[in-house]
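Dropping a structure here in structure tokens format, bear with me for questions.
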């Protein structure tokens, strides 16, 4: 089978506590747009609040055309549980924050031949040869690496926006 | 004469049990929240790669609910899950069967944040079966040449490998059991806590 | 067909006392980057509790040794009851953390990660025979390299933690 979509490793963040909900969402969206991704909100589910709080589930996808043949895609899945909006005093100012637990999953994928140029059986076998032998290292060592490390930058940005402790990235100079 | 057969005979699989063949059982009787418990288990399985978030892929083979005015609700849930662990060849496959049986389940109300909240009181019993399937695609046993060597190959060359892979599954299955115990606030023994700090427990903390 | 061979199985290090969570993470991250490992952060869990922060990290960096073999180190770090404290170090006030840390290290040798030998069961058979008997010396070399990387990481972490041991 011809490889036309190459999902990379999933990155997961889980957090339980107080955080700035608006900042997180705003910064992620801005990062995607600043990095020339086309942002799409696939779904936004809000469930009836229970005494524990409200629940939200969001699916965001971001796509960026790299060449006429290669496209980057980042799928971000947010699931917020037991969320409660609270007001806290920070530096003598009242700030709206959210209290709850959530997880974020990011799945970067390199998509090949998104225009579906190779569509006949002969062309498909040629494409297989192309992917396996001619541009194999360009795909796995080049495009995949680039997308993977760029997504790590978004990962770091998320951690900073949430206020997590481990906010550093030794691979920040790559790409 | 009646021929007795083991229930797993129908699987026609070559496997090694990671848990005793009778499974490992967690039984509990007190209050809990069925929906949160179900979601927590599902979430753990998604996270560990046993299933995806897409419902058709989820191996829920049975969901039976019986209502009785006197004894309350009875639930039977069977999950049959498979996983090809990362870094394993397709020769191996992990399988986990989870049987959830809840009896005498009744709604009870608690007050939380000055609001009434429905939870359940009942007797859930969770059984876990875990096995490492070898030659998962039957490629060896159905091969005209390799089928002659398979037993020898499995018992001599792959023996230490199978033992290690069985152990990995054993660890993972115990992590799942620990997750269940954590939710139900039962005593746990694994040195690294599993999910103690992210998922809710029966007391919602 | 990728195949993982266990080199280090659940090596545990525990510590309780003063440390700096961000510094500790940076040291691990930079060590792996310097050694040529590709970064992988499988999970990052953080929770704020009344006893302090709970931080759990699952790192699974990998390094390609050849086109056939790669090294994978799995580090699970569990920091619990992490509180912020201020200490005086050479007359200067420094913010540190106080808490418990638990490390679990695993290391694997992963072969055929490009799935070049996945096509037929006969290839799987041949590959096992080659790995076990013909390329034995190469495999020993890979194992030693992975063991050495993992041990160096453990020593780096231990020496960092020893700095703050009283």
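Worth a mention:
Which chain is which? They are A, B and C, in the order written, and residues in each are numbered from 1.
In this section, a contact is a pair of C-beta atoms (placed from the backbone, for glycine too) under 8 Å apart; a residue touches a chain by one contact, two chains touch by 3 or more.
Predicted, not measured: the structure shown is a model, and the values here were computed from it.
By number of C-beta pairs in contact, A-C leads over the other of A-C and A-B. The most distant chain from chain A is B, comparing centres defined as mean Cα coordinates. Chain A and chain B have CA centres that are 30 Å apart. In whole angstrom, the spacing between the mean C-alpha positions of chain A and chain C is 24. In chain B, the residues touching two or more other chains are 197-198.
Shown for chain C are the residues that touch two or more other chains, namely 45, 47. Under the contact definition stated at the top, the residues of chain A that touch 2 or more other chains are 12, 14, 16, 101.
Against chain A, in their complex, chain C makes its touches with residues 21-22, 25-26, 29-30, 32-33, 38-48, 53, 55, 57, 82. The touching residues of chain C, when paired with chain B in their complex, are 1-4, 6, 12, 45, 47, 49, 54, 56, 72, 76, 78, 102, 104, 108, 110, 118, 120-122, 124-125, 128-129, 132.
The touching residues of chain B, when paired with chain C in their complex, are 86-91, 139-140, 143, 145-146, 149, 153, 157-158, 164, 191-193, 197-198. Across the interface of their complex, chain C is touched by residues 9-18, 101, 145, 148-149, 152, 155, 159, 162, 164-171 of chain A.
Those residues of chain B whose C-beta lies close enough to touch chain A in the complex are 47, 53, 112-113, 115-117, 197-198, 200, 204.
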